[in-house]
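The following pair of complexes shares a single chain, chain A, combined with chain B in the former and chain C in the latter.
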Partner chain A sequence: MLIAIFALAALGAALGMLLGVANRLLRVEGNPIVEELVAIMPGSNCGQCGFPGCTGAAEAIVDGSAAPTCCPPGGKALAAAIAAKLGLTLDLTAIRDEGPKIATVAEELCIGCCRCSKVCPTDAIIGAAKQIHNVMREACTGCSSCIETCPTEALVMKPVPVTLQHWVMPKPALA
Partner chain B sequence: MDIGKFLRKLSGKDWGVHPDDHKRPAADARVRALPIPPRVHLMLSQHVGAPSRPVVLIGQKVLKGELIAAAQGNISAPLHASTSGVVSAIGEIAAPHPSGLSGMAITIDTDGEDKWIDCDPVADPFALSAEEIARRVADAGVVGLGGATFPSSVKLNLGRRSSIDTLIINGSECEPYLSCDERLMRDRTDDIVAGIRLMLISTGAKQARVGIEDNKPAAIAAMRAATSGHAEIEVVSVPARYPMGSDRQLIIELTGREVPADARAADVGVIVHNVGTAYAIQQAVCLGRPLVSRLMTLNGAAAAAPGNYEVVLGTLISELVAFTGGTRGEPAKLVMGGPMMGMRLPHMQIPVVKGTSGVLLLDGYEAADSEPDPCIRCGSCVKACPMGLLPLEMAARIRNDALTDAVDLGLKDCIACGCCAWVCPSRIPLVQYFVHAKGELSSQDRAKLRNDATRKLAQQRQERLEREAREKLEAAARRKAERAAQAAAAAEAKAQTKTASVTEGESA
Partner chain C sequence: MKDILLLLLSTALVNNVVLIKFLGLCPVMGVSKSMDSAFGMGLATTFVLTLASAASWMLDNWLLQPLGLGYLRILTFILVIASVVQFTEMFIKKSSPGLYQSLGIYLPLITTNCAVLGVALLNVEQHFGLFKSLLYGFGSALGFTLVLLIFAGLRERVALARVPAAFAGAPVAFVTISLLAMAFMGFSGLNV
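Take a look at the complex of A and B:
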């Protein structure tokens, strides 16, 4: 009995040590570029790109299996930022960017079922059971995860309204 | 070549342009007051900073000067009814903005009586404390009337905090066509001087310098005569050159100090206010009257009666034009502000705001819109730029969306004065490039801030979900433990009764 205990303990200690050493020597570094990309991405893990969250998308972009333009909520601006970071040349004029969109609730259709507010990655939808829901414009990232959950199709994606504060003077047309 | 001119060129002080000023005959016409229109529309956002918040209800009766929207936040200004009447709507109307978008406004159906609310005049305004003056200015909703519309009280308070030694009063009015400041200096000289004295008390500055361009000799003479008894106020004639009225240029001209890039005038011990603001401050402090009307210029070849008009805020431009006899022919271009920095308006159903210094109805010859030609790299814009920038290089970068390169070339120092576009022989809309680039950069900054905020929200949600799951588990464990404890207690009680019955049995 004692011999068995000692043998197993020694074996455990030796193997544990081996694992510890291997962890030190054979460490796999997380790719710092991926981390940098994750930092500039929306971070809501909405999944519209088809990858498991923003980290997945960043990894795919870095290893070249996804285009820097794969993030719909990020749009043109994010694509440009990623391309600049990775030293890629992008023809941004070719991107179909309809501008940012946000979810809006059609109040006459909402039945207050709370399904949309449960999936919103940024808690941008407010409302309670049997109360009309609403989307907080500032918090919505336009990921459209909520659209599918709505049983009455009360949620629709609409372009972010241009206000006086957000309007930008257009670039002059080329001569 | 003239030696003086040669030396100026050599020293790099030959900035700016000399457009025809077109100020006369409008500047010499007597000021007329516009009758109260049937309806006034008061924009909630007619100042820099947060829009004001309505404090009236639809159907409420208001008197002239009554508070209808309160300031929100540190940089904001309240809004007052510009005439007496009934609030008929609070909603969107076309805003004075180059986009042609609409903004929130309070509409008042006027009753034509123009009855003032009880104001709170001060017998001896010069005995008031600096804080009290700034408070009264803030309550009156006074903003910079030169066009920047920055809340004046914030600037007065800033002056006290950051040791200002010189107060500069901007009476240069360098924009062509405009003459409302000149008219004000000629007609309400004493009130302006009183306003300057109040500003000196409030900012704690030792001296004030009034800069007036030398193309307004009557205004200079009037101001000199009115300030003769006040040694601390000096009226300086500055050369007429556009953009002399830009704060940085005027500060160099009057004090010799240059405001560094990324710094403000207060950092070099100077603060700049417009003469119109001085008048509004006098009205606010001495008479207790909020800013509800302003003097503005109507000019341009298509204006039937060019001149200066006293207009209540919220009057539609169409009312002003109709009162002055309509237009002479169809105006080719409608501009609010001056021709160099003003904004083109899509139509006339737009209200006058605090920052409206003038409305120009330009005819086809004055508007002279034409297709731009390619840049011939003549360098005229470089010579004209008052900030010493390279407009042609910056525009080339912006054309290719290389905004950061344009920033490296000094885009942030551009004051959008329009000198470069004015001198350009190829008629390239250079300023539009710069305004576009600045807007684009700030929209990128906003997107970044928004991104950070939503990421935080996503993280908080994640944490909340985890916490809820953990709490659920803990609650389940607690319930389980409670149930176990209850079961144990019950078992113990049972055992005790059993032992008791056993001992009882034994004893029996």
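Take a look at the complex of A and C:
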């Protein structure tokens, strides 16, 4: 028993080391700008932009075949950040953006069918079959993939609720 | 020398890994749409199969059997095969990005190609030496590549032919490969 555990652990460690060394030697340098863009994108690979995942969208933005505004969950803030990174000028007023939104479940409509939790790219929807589901606010990226799958329209996008942790005092308005 | 040739001939043709033993059918159906990717897949699988059968022989004879751990055979073989595939993937990504693109998801799927594990296990069953198991793996891989190339060529022709709507796509491919399997059964009459 102990011999078996030790032998397999040693084998796994040796193979892991080998692959680690190979990874160093055979590393392929990607485009650093693409990697920077991927780092600031939502990273949930929701596919609303029409590209295969956030990496595909970042590559398309860098080579100019997609606009920096192509990411719906990222909204205005992301478009501005990408434009600043690439040195582009953008007309941000054209983007309709009502601030960040997340999905919420209307408890009285949810039938617990689990369809929404299957499509959620970040596993933000919890709840078992025939139990009322709920969305974890911290995990939801607002990609709205789940909205269309809900048979009872219990899922709606709502603005992120203001909590004590991220409430900011509004700027004084002109009289 | 005669031994070597006979072993290669019997593994590649008479006991063909795809059409006689029916192992590794997933890549044969999946990557046989064009000759180019079929050739690349055949090369990658040849590399992995040969290396994996040698590595698994070494592990079996130098680690598992001396320690009496024969029951861990499948587990260790899978571990070794997965590492060899990962290594191959890194190598191909570095050396030829075009091939890497065209193989796509089927490259990591060599890990779960049952032909690779099957050949490694058959090697153990037949008590071959290191060189012979290396040859056995290489011969099987040759047979795999041969079938993949023939089938890809056939499918390229079939894609241009007028196929009844009910048979278009996968069904006609299955019919084609069953005919190919019957043709390969003829090799069992080969007196080796």
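In this section, the second predicted complex is superposed on the first by the 132 of 175 C-alpha atoms of A that agree within 3 Å, B and C clash if a C-alpha of one lies under 4 Å from a C-alpha of the other, contacts with A are read in each partner's own complex, and residues count from 1 in each chain.
In the analysis below, a residue touches a chain if its C-beta (ideal position, glycine included) is under 8 Å from a C-beta of that chain, and two chains touch if they have at least 3 such contacts.
Since this is a predicted model, take the numbers as computed values, not measurements.
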**Request:** May I ask you to decide whether A:Ala7 touches chain B, chain C, both, or neither, giving the answer as first, second, both or neither?
**Result:** second
**Prompt:** Should A:Met157 be classified as contacting the first partner (chain B), the second (chain C), both, or neither?
**Reply:** neither
**Message:** After the superposition on A, what does A:Val28 contact: first (chain B), second (chain C), both or neither?
**Reply:** second
**Prompt:** Between chain B and chain C, which makes contact with more of the residues in chain A?
**Reply:** B
**Message:** One more residue to check, A:Glu138. First (chain B), second (chain C), both or neither?
**Reply:** first
**Request:** Could you tell me if A:Leu15 is touching chain B, chain C, both of them or neither one (first, second, both, neither)?
**Result:** second
**Message:** If we overlay the two complexes on their shared chain A, which of chain B and chain C does A:Cys114 touch? Say first, second, both or neither.
**Reply:** neither
**Message:** Touch test for A:Lys171: chain B only (first), chain C only (second), both, or neither?
**Reply:** first
**Message:** Can you tell me which positions in chain B touch chain A when the two form their complex?
**Reply:** 45, 95, 97-99, 101, 103, 371-374, 398-399, 401, 426, 428-429, 432-433, 435-436, 439-440, 443-444, 446-447, 450-451, 453-455, 457-461
**Prompt:** So in the complex, which bits of chain A are touching chain C?
**Reply:** 3-4, 7-8, 11-12, 15, 18-19, 22-23, 26-28
**Complete:** Listed in rising order, chain A residues that touch chain B in their complex are 40, 42-45, 77, 92, 120-124, 138-139, 141, 162-164, 166-172, 174-175
**Request:** Name, in rising order, each residue of chain C that touches chain A in their complex.
**Result:** 59, 63-64, 67, 69, 72, 75-76, 79-80, 83, 86-87, 90-91, 93-94, 97
